[in-house]
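Below, each structure is written out as structure tokens.
Each of the next two complexes has subunit A plus one other chain: subunit B in the first, subunit C in the second.
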Partner chain A sequence: MPTKPAEQRVDEWLSKQLCGLMDFEERSLGNSQDIKIIFLRSLTNSDTVNRFIVLPSYEMDLEAYEKYLSTFPGCEETQDKQQIMEFVLKGYIYIRIEDSSYLFDAMKIEYSGITSSITEAIVQGPNDALTENIEINMNLIRRRYQSKDLKVDAMTIGNVSKTTIAIMYDDTRVDGEVLKEIKSRLSQVSVDILQSAGELEKYISEHKYRIFPTTIVTERPDRVVFNLSEGKIAILMNTVGYAIIAPSVFNDFFTAMDDKIQLPLVGWFMKMIRYIGLFITVTLPAFYVAFTSYNPEILKVQITLLIAGSRAAVPYPSFVEVVFMLLMMEFLIEASLRLPKAIGPTATTVGGLILGQAATQAGLVSNIMIIIVSAVAISNFVIPLNMMAFTVRVLKYFLIFFAATFGLIGIVVSTVGVVMYLSGMRSFGKPYLKMFALDGSKGKGEKQNG
Partner chain B sequence: MVKERYYYYLYLINALINIINFVPRVLTGNRFEGALMSIFVSVVIGSTLLIIFTKLISRFPGEGLPQIYADFPRVVSIPLLSIFAILWYVSGAVTLVSFVDITLRYISPDLSPLYAIIGYLVLVTLCSRLTTESILYALEITIIINVPLVTYILIKALFNPYLSWDAVMEVITHLWTMPKYSSIAGATFIFTGYVNLAIFNRAFHSMKPRHLWLIPVSGLMILLITFLVPIGYHGTIGVEHQVYSWFSTADSIRSEFFVVERVLFIFYFTYLSLSLVTAVIHWHIALELIKSFFEKKDKKKSNPSSGSSSMNSSSSSSSSSNSSDSSNSTKSSNSSKSNKSNKSNKSNKSNKSSRDRTTSNRDWWILAPMVLATLGMGIFLDQIKLELVGQWFLYVRLPGELLLVASVFAAYWRRKKRA
Partner chain C sequence: MRKCLNLMLVILLFMLSLLLAGCQFKDVDRRAFVLGLAVDSVEKKEGQGEGGGGGSKKHLVQVSLKLAIPEGDPTKRSQEAIIVSQISNSIPEAVRLLKSKVDKELDFSHCKTLLFGEGYAKTDIREMSDWIARRRDIQLIGHVAVARPTAKEVLGVRMISERVPAYALILSLGKEGTESPFIVSIYSYNFRRHLSEIGADPILPLVEKEEEDVLVINKAMLFDKQRVRAELTANEARLYNLLKTQGLRTSFNVELDDNIYTYNMETTRAKFKLLKSEEGKMIVQYKVGGRAVLEDNSKSVTTTGPILEQVSKAASKQWEKEIKQFLVKIHGTGLDPLGWGLRYRAISWNNETEEEEWRKLYPNLEFSVKADVRIQYSGMIR
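Here is the complex of A and B:
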């Protein structure tokens, strides 16, 4: 019999490969000890192993046992060494019964339960956040999107981490070209370890050096569902509590999930507030530099005098003042982010009181500068999605630089430049910045009719 | 492919920008010699040309001027394209250089003209290499942000008690005077936005703009305001002392309840962004026209099979956007075309990056002389010479426009005869 030696080689090979591991288990079962199981203890659920594999092996004969095993949904027969190794490392149990070998799903998965979302809090509406388990995430999404058109394609990325990712899309609404593009980019990703959505986002996006995100990374299943219904593609990852949504355009980053809940007029107002916030946080420091150092005559005389009076004690140019204060603010944000909760409030007290109050009294910065810095910080927090909020934090230095070198003209020219740059960007073939971004979908419908 | 509203933006930006390109200067110079009459004449001429050209170019969906001229022998098409490329280049350059002059005069007298022009040129050259659709999207945003401000300034200007209606009425009494060519050439400039379709037609799927009557009506209004409001502010005689009469007009208006008191500054920044976008549009067209000389050679050399003439192979992003756009309409008529272009994309993928690099290098080689010439203009042209150049551009532009319409008509006729 040619198969038998080969067969034995598989389980001997397997135990040889794994024998050094602390949690490696190899057992012979059954009344006649004909059944051999190999598994890793840390990855398998011992209760499942005892109840469904060990106990029945003594209660029935070999043939019945084999039939019994093959009725389990997570059980399959295979001879492929490589596959067996992979599955054992995932938490499957390798079972050999005479000639045939089976893989039995006894995975033990530890994850934190469904919590409410932290990074994208909203006032009213669903609070569930995605978990670190892909099955539960798919459950969360499928429960909200009960359609047969919701397709899921699975893939594995990472030579070592073997992270399972699922590409979800609504078959009837998705743009086939975009889907193909995303799949081909995903298949080209070659890394050892993949542990966060941000990393994957970086690998699949077009340009390496860019500051605007072209995909949303979200932890809200309702946002995923909302975007799926708009024909977008969601990428879920195992062991990561975030989903990637592509293609995402500029306007998507200014949409909070509350907008749907609010009354339409209020919703528009909120959106307008966000864009005004964006404008203020990006341009206000630059305008301060330009007005104080280049074109004080543009403002009303009273305002000019007010600023000049408040700056009277400041010994250096406005550019230094602005960069100094903004850097302090960045440090404050960064510090309060990483600090343990117990000493978090100290940072704000020290920063807010000492920097704000004492710095003006010492004449290091002007009073108006303090107001501007707080306005910039507050309006930056208005942006609902973190990725964009971070981008905007960087963007304002770019404008400050041009304001310091060219004055007001620099601000206008660089603003036009940013608008041009954004209009030139594409997110998986979709124009990134476009007025009335919604009419893209309407236009598509019209074209198909006509 | 974009929607038809972008057609109006192309018209509107030219209509708004006329103030920078010395149109009010030409008109006020002839205010007693038939400028008003020439406005009415040019509304007729301008909108007729506009409608004819729009109808003609709608027969070539998705094609730019180089593709339309493909039927002509190269001896005819290359000189024609060169003339138009130069005209478009000069149009952008005059806008930029006169804006540098305005900047120094009104905003930053202590700024070196070289700095200002380098700043503008960096933006314009970088942005003119974007894809045609991207420029249209940016144009839309700029227009929608700026038009409310322009409207605000206009309302402020028209309801100002210091606007002397008597001066306006006096100029109106000179209505029945034979117009001069120079003022007609100047006044038709505001309708010239349509010629940008020569390249921007590539982005349009079908061109059947509705509400075309809006264009002559709004054009007439804009021309009358352009011409009469400065006269109302500066007087019938005083107006001729102003080179940029509209900037002086804006400087006469005060906004009492806003942080910025002098309307001039709002006006200046509105027009700065508008004229930068115009310059980008015009230079983009000049660049694309010049690039088409080389593209033909490339096509003969590398892939004669690719029938996707409408694809501008300038950058990878443009081709991907085009293919995704055409995939939306695979069910419609041009499915075969999009398939072909996709196939050619795939076959080109291997040598795509190297070709991208060569085309990008070529862009820079074309843009370099344009930039240098503009720098030279910025340095050597003083205000009087610049004004002369601006006026000469306006005079030459009208025959150029007629030539463009005639040549496109000839191309259409040739194609029809062959079919």
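Here is the complex of A and C:
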């Protein structure tokens, strides 16, 4: 049998490289045993291998078999050792027939089907969430955005993880500057492992230490589509069930997908509620500190006396009380997030009972404080996007600090400071505190802004 | 890395230092909130007025404070209050002495009731009003009143209806609760302003202790720039309010053909003009009026259009008579609580001489009142 020595080396080299792996398979097929296949069991679909590769090899001669293989989409002939290695690690099957070698696509992809979205629940409207498979995600998006202008650029990030990312944008609406900026930043990312959207978000953002998110991380395909139509850019990632949307401004984080379902006046009301919730959750604990320690004259007599009375048994200054209760609340939130579903209710019961009742009866915190903490906790969750909700959770301690040191003036000045900081921020060159990230002049985009 | 660690340490130390709040950091539960302040003058006796630092013992004052004891349980019906008082020869000194009678820091920021005892108001109120205006934590939106028999006694009255100490006084003096037409409501900033203003004199409501837990506020006191000069009766206080405010809610009686008609004012209006008469005298011309609804009549006469006309006319005539009497009485005291002088200064151009001119014009002021009361039928299903 005439075989080239160079080629001999390819499959020998391959099996030498991979032989230590538990799921490594090397087989000889055909009546004359001169077809050789090499693949990784865990990455390939055994059904495909058996039906389309193993069985036909006994039913036809070599020439027919070679022709038969090359008709499959996703099957290619190559001699490049490096490429062969890469593809085998991806789940391709290396097939050697005489002197030619083929790569056959038999990838087995496991993912958790299309589920309904969990982190961004809405009342009415589509419930699909993005999955871990980029192909399916693109399917979900393309089905909702049937336009030839929807362009997809692919990239690979991660020296080890080799995560495929897709940059999606509407060619006619996208801002060229922003697109260039994003692409250049993506190309500069150099990491080993990329496993979540948040990570990538961190790598492509401007500043290392910042508190407000400048890109939306979403799991809703309809939000992606809506933002694409506004001229924004979506970054999809393989193995990650989330998409990144850029540029994103402050207002975008307070837009729920419900807003478009609701009647206009109702929608505005809901949006107003969210901003009020933001204000309350950020300032209420700080106001409590300021009112109890510095400026009790602002409140009505009754409330002042009520606070004074309920604080009478509390030994520590007001801000210690506030920080203590807020930390307890954070622990409760964090714990109920991480706890297994089966014992989840325990956290809420124990936390609710102990924090709500016992703490006041023991005189550790005042009654009013409990009300404030619950108001803060509830209004925090009014913010529809998690990234912003977490930011706000941190932000309120900043205000408490200034309220505890300077009273009401501290709150005013630190609020002004936060607004100034926000005004100075840019999301991929777009002013962060602007109402809408991209100008409405691009047609449809304006009308859809809630 | 080293730098980062140092930064962390600094931040940690900084945070920990917050726990050492110290004694200057006064939380709300370490303050005693003064809800009412009363000042009386005291007969001079030997051995009183300690801590006064000798000096001129021209007069002694007794300062009483009503302090709220905060109650944590809002379901409890009432809140306790304590009254502490101190005699000294000046108000700030008395307050300073009072500080050693309470366990918490005195906080005047919720002190919205400021009472002068009648005796004090009749001698000299300038010190008190000066102190109120100067003191940083007394808000100038407090209510000022004269108290009878003494301010301390009035402050000590605990109305059954009040849930926060001294709140009944705030509600009624500020007309936040009751809308009695007899209460002349004056903010302390206005009082202070009228004390120094040329062309307007202060007026204060009079709070009387009637029974152990009943207060009556329906009279008023007229001040010059220093002390009480005259007292207004309940009816006069109401007329004052009628002339001073728009939309006073009150009712009046009018007698017509032996039948007493009572009508309730829906709207009232009052304005005045200063006119020069031919003899060079100044005429204060009031135009008052309003829309009213008939409330009852003593003989249950069927009300018809013509009768309502007659009643309206009679009511207007009565108003003209009563208001003119009232104005003449005020003029007789030589005071100016309604601010005629202020108006004169506002409309005259001769800035240098206007004060002098007004002083000459005032004794010969004449008054004319035009009243226009429209009484309507409220409608009734028979």
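Simple rule for what comes next: the second predicted complex is superposed on the first by the 431 of 450 C-alpha atoms of A that agree within 3 Å, B and C clash if a C-alpha of one lies under 4 Å from a C-alpha of the other, contacts with A are read in each partner's own complex, and residues count from 1 in each chain.
To be clear about the criterion, a contact is a pair of C-beta atoms (placed from the backbone, for glycine too) under 8 Å apart; a residue touches a chain by one contact, two chains touch by 3 or more.
These figures come from a predicted structure and were not determined experimentally.
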Touch count on subunit A, higher of subunit B and subunit C: B
Partner chain in contact with A:Ala308 - subunit B first, subunit C second, else both or neither: second
Subunit B versus subunit C as contact partner of A:Thr292, first or second or both or neither: second
Subunit B versus subunit C as contact partner of A:Ser336, first or second or both or neither: neither
Subunit B versus subunit C as contact partner of A:Ser318, first or second or both or neither: second
Contacts of A:Val412 with subunit B and subunit C, given as first, second, both or neither: first
First (subunit B), second (subunit C), both or neither touched by A:Ala404: second
Residues of subunit A contacting subunit B in one complex and subunit C in the other: 301
Interfacial residue positions of subunit B with respect to subunit A in the complex: 1, 3, 103, 107-108, 111, 115-116, 119-120, 123, 126-127, 130-131, 133-135, 137-138, 140-142, 144, 205, 259-262, 265, 269, 272-273, 276-277, 280, 317, 320-321, 323-325, 327-329, 331-332
Contacting residues of subunit A [partner subunit B, same complex]: 175-178, 181, 206, 294-295, 298-301, 303, 406-410, 412-413, 415-417, 419-421, 423-424, 426, 428-431, 433-435, 439, 443-444, 447-448, 450
Subunit A residues touching subunit C - in the complex, by the definition given at the top: 291-293, 296-297, 301-302, 304-314, 317-320, 366-367, 401, 404
Subunit C to subunit A touching residues, read off their complex: 18-19, 21, 25-29, 31, 33, 35, 68, 70-74, 79, 107, 109-110, 112, 137, 139, 163-164, 167, 170
